[in-house]
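Which chain is which? They are A, B, C and D, in the order written, and residues in each are numbered from 1.
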Amino acid sequence: GNDLASYCLMLGDDALIMSHRLQQWCTRAPELEDEVALANIGLDLLGQARLLLTRAGKAGTAMPASAGAAVADRPEDALAFFRDEHEFRNIRLAELSSHEPVDFALVIAQLLVFATWRLALLRRLTDSRDPVLAAIAAKGVKEVTYHRDYAAQWTVRLGDGTDYSHRRMQSGLDAVWPYVGELFDTHPVERALADVAVDPAMSRTEFDDVLTQVCSAATLTVPDIPPLAGVSGRKGRDGVHTEEMGFLLAEMQAVARAHPEATW
Amino acid sequence: MTTTESLETHFERTIEADQRIEPRDWVPEKYRATLIRQIAQHAHSEIIGMQPEGNWITRAPSLRRKAILLAKVQDEAGHGLYLYSATETLGADRGDLTERLISGKQKYSSIFNYPTLTFADVGVIGWLVDGAAICNQVPLCRCSYGPYARAMIRICKEESFHQRQGYELLMTMMRGTAAQREMVQEATNRWWWPSLMMFGPPDGDSPNTAQSMAWKIKRHTNDELRQRFVDMTVPQAEALGVTLPDPDLRWNAERGSYDFGEIDWSEFKEVLRGNGPCNAQRVAHRKRAHDEGAWVREAAAAHARKHREAA
Amino acid sequence: MTTTESLETHFERTIEADQRIEPRDWVPEKYRATLIRQIAQHAHSEIIGMQPEGNWITRAPSLRRKAILLAKVQDEAGHGLYLYSATETLGADRGDLTERLISGKQKYSSIFNYPTLTFADVGVIGWLVDGAAICNQVPLCRCSYGPYARAMIRICKEESFHQRQGYELLMTMMRGTAAQREMVQEATNRWWWPSLMMFGPPDGDSPNTAQSMAWKIKRHTNDELRQRFVDMTVPQAEALGVTLPDPDLRWNAERGSYDFGEIDWSEFKEVLRGNGPCNAQRVAHRKRAHDEGAWVREAAAAHARKHREAA
Amino acid sequence: GNDLASYCLMLGDDALIMSHRLQQWCTRAPELEDEVALANIGLDLLGQARLLLTRAGKAGTAMPASAGAAVADRPEDALAFFRDEHEFRNIRLAELSSHEPVDFALVIAQLLVFATWRLALLRRLTDSRDPVLAAIAAKGVKEVTYHRDYAAQWTVRLGDGTDYSHRRMQSGLDAVWPYVGELFDTHPVERALADVAVDPAMSRTEFDDVLTQVCSAATLTVPDIPPLAGVSGRKGRDGVHTEEMGFLLAEMQAVARAHPEATW
């Protein structure tokens, strides 16, 4: 039904937008090994986005009217390139821009939080009654475990590296922290899809435990910063995004929208 | 002196017998220097070459093409890594080579000093630039220096894959809208001549070729490889339905090869001298990434030190 | 003591006679401090207020609207300049006030801690936010402190112009496509309640109002101004064809005013405490611009010094 | 005829794209006075762009096919928002991005070169046989004189300020210099429009004199850096731009293109 479609959009958009932010790091990483790793993580998330948006299409998400005929049989592209900002359902954390000005500590903090949270969700989702979601989750668990470990290793290296890197890493975590609260809000769609969706609120303890451990190994402080408000309570999952989102979509969608009748 | 003589004899015999030189083997200093320079230049080309294509990742108009492009650019970073490792078996240092790149002391392939202006460029780079690279590189799989030859085997395999993907994108675009077909033709017009220049100056102007061939680093002259590329590419262009921008291009039945027009070597030399449309931009971008990564690399080193001391 | 008493008497008589206090006049320290704080907060609001609207300049969908928006944001920088100048007549320093803004020691209007999400927000900010600002500011044109009153006369004139331009944009959009009408309605839904909060807490919770009114800095209570804004805006919404997001909004013939629903003061307090959707972003952006301008300001000062010394 | 239309596009696109780069400085200037000044210059150039694109439309520039019906009676918007990159005719100097990473010396160098060159052109253009162009030029001369003076004053302040600002200003000039050569290339359209267009090559001496004077007052060196090549000789005027141009247009055109049938 429609709730399932919405749920797939949520998880798919999280991956799509976070992948975009990692794509923007391409040719900007501090070492070639990180160039490879960040691209790899971006690719994994892009793969998850494709599966989830395709699933959203099959589950009955309405295709955007502006998507040309050629796109009709590729719902993943219709949804990625022809939805407007308020139709995206990702959490706002994924929108945070870290590449301009270049801030490696910020992308690591963003990825640490994102992957720790997503891994907890996907693990529970492997038991979903929806077999497609369960399979996507099972594949994703392996991938996101690596993402989390990569981010955790860098968090420790930077936190427990030089004085300067320690300060940078702590600032990165502090900058990301306001976006954490939203990750664990239970959305009505998640509540409606018992046994199919997972309730993110259930994973908060696990998340806090991991972050506490990583920060401790990194000699960093888990931030104590209140969550970013929504607009009249509406946040990313409700289609209300940060001001960065419009610029992100303008770039991502420009070529596809210039050629609505094209196939690629 | 006698030892050096016998080492030199051993080296020459190995080359003559078409056997591989390995890191443990003695080599003449000039062989080592030539190889380090060539492999480093090749590594730099992979790294700088990420920029023109990377430019389109965030704007790729389908998620499938986005994934293909991101994977390709990632492969290039990987190629850079193998190749820098190969130079390390010859005693070079990656950090030092990177310094030489960003200070302009070492070159990379001039082709990457042209801008990518539309998404069709992604396909044309795969088709023409990777195609030319493969022509250049396949013979290097038999290069006398083992680690380089083995790296080239792996790289060539991946490059062929990229080349097919680029060609397939162009095929799809040529079956698409009029605007897409125009984009492909226009990108072909821009990349054709620079691709021919990838093989380097004409044989008469290529003073190092003889020594490199004697050492079996190089197996064919620039002009031989260029001709091979043209002969391979013309039928592909026909299958695609694009026109190559050379009025003098025609089949020569006598030679069993395509004749083609005069290359504008003055443009080639300008780009080589640093005055191409993107030389400054490419090096500045790489330098900025390197400089902005300095504190991260320092932190990693400091952390590793602490960790070692604690152990 | 006697002098102070006579100065104080003179000050009080001036206020009482509805005459203007000028920079040369003696004023009680608390009057000075209250005014500096209020004018600085107003100046900060102009400067921070440039961000939500500035966000759309490069994306404005017509060149005419782009020019209008750019001119408006420029006017806000100008307003900031007058107002900082007015604080300087009271002995404050612009650099010092900027430090207080970016260190979070001084506030600015909370309304600017909401994001602008579509181009319709540009129109709605003109209509509602500038509209509310005018309601607040028109009485300030009669403020007892001369330089502030005169600055407000100029500012109010420009704000009315901005308000009409915002409303006109919305009118045009409401005559446009269904998607445009939806954008206007949706933006109205988001900005309506924050606009009502611009008048500050209800009179019962506004401890400074009485003193400010006695000093004729303020002329009306928060609730009076809020009611005036609602009464002015409801007919405008009707003319526009948008619904204000308040089911309790209705004409009260007895009062000759519109009744309206309960304001969510907990949201207001959260935003005021720094936890709105954009507080951190707005201050960080201003801080970054200020920090990145430091070397430029230093250079200008160094150049001016050299120039003076040479003269 | 068509040459006149092309010529108006050239001058209009120069102003439009340079204005965009100044718009991006909004809320980022080092002082409020510069906030006001940069916006002012951006507004002047935007005004020139509107007049010139409107003139290009009247002179017979074909309207882009993708421009919706609503745009048909506003050629300035059809041309600004619905042309593709290769249809823009501006010189590449205008595309240079200076705001991210923030570089005040770079925008000042860019503006100094742009305004000095444009002022020389517009002065000659006041004698154009085309009365509309002559009138636009006359208005523009006053505006651009101020732009040049503003940029020259900052060049002197920064060049002759601190050691650090001196280095930054010299780097800014050096970064801009490769884009100078293209400004004085005579385009076939300019050659064809004798008495209507002006030949930019005629203004090179005047430009060099001004730059030499300003640099001397600023204790800076006029750079000796060769011009940026085109692609097979094709440059901005031929629709061949830098890689930054696509991102600029994606942002500038996103809203207009999302609503091709709208009026604003």
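Going forward, contacts are C-beta pairs under 8 Å (C-beta built on N, C-alpha and C of every residue); 3 or more make two chains touch, one makes a residue touch a chain.
Please read these numbers as outputs of a predicted model, since none were measured by experiment.
K.L.:
Quick one: how many steps at least from subunit B to subunit C, stepping chain to touching chain?
P.N.:
2
K.L.:
Pick the pair with more C-beta contacts: B-D or C-D?
P.N.:
C-D
K.L.:
Roughly how far is subunit A from subunit C, going centre to centre by Cα mean, in whole Å?
P.N.:
The separation of the two C-alpha centroids amounts to 36 Å.
K.L.:
Which whole number of Å gives the spacing of the CA centres of subunit A and subunit D?
P.N.:
Roughly 39 Å, centre to centre.
K.L.:
For subunit C, which residues are shared contacts with two or more other chains?
P.N.:
Residues 59 of subunit C touch two or more partner chains.
K.L.:
Can you pull out the residues of subunit D that are in contact with at least two other chains?
P.N.:
Those would be 246, 250-251, 254.
K.L.:
How about subunit D: which of its residues touch subunit B in the complex?
P.N.:
So the residues of subunit D touching subunit B come out as 85-86, 178, 226-232, 240-243, 246, 250.
K.L.:
Mind listing the subunit B positions that touch subunit D in their complex?
P.N.:
52, 55, 59, 114-118, 186, 189-190, 193, 267, 270-271, 275-278, 280-281
K.L.:
Touching residues of subunit A toward subunit B in the complex: what are they?
P.N.:
16, 20, 23-24, 26-33, 35-36, 39-40, 42-43, 46-47, 49-50, 53, 70, 74, 76-77, 80-81, 102, 104, 156-158, 160-162, 164-165, 168, 251-252, 254-256, 259, 261-264
K.L.:
Touching residues of subunit C toward subunit D in the complex: what are they?
P.N.:
Going by the criterion above, the answer is residues 47, 50-51, 54, 57-67, 70-71, 73-74, 77-78, 80-81, 84, 119, 169, 172-173, 175-177, 179-180, 285-286, 288-289, 292-303, 306.
K.L.:
Mind pulling up the subunit D residues that touch subunit A in the complex?
P.N.:
Subunit D residues touching subunit A: 66, 84, 100-101, 246-247, 249-251, 253-254, 257-258.
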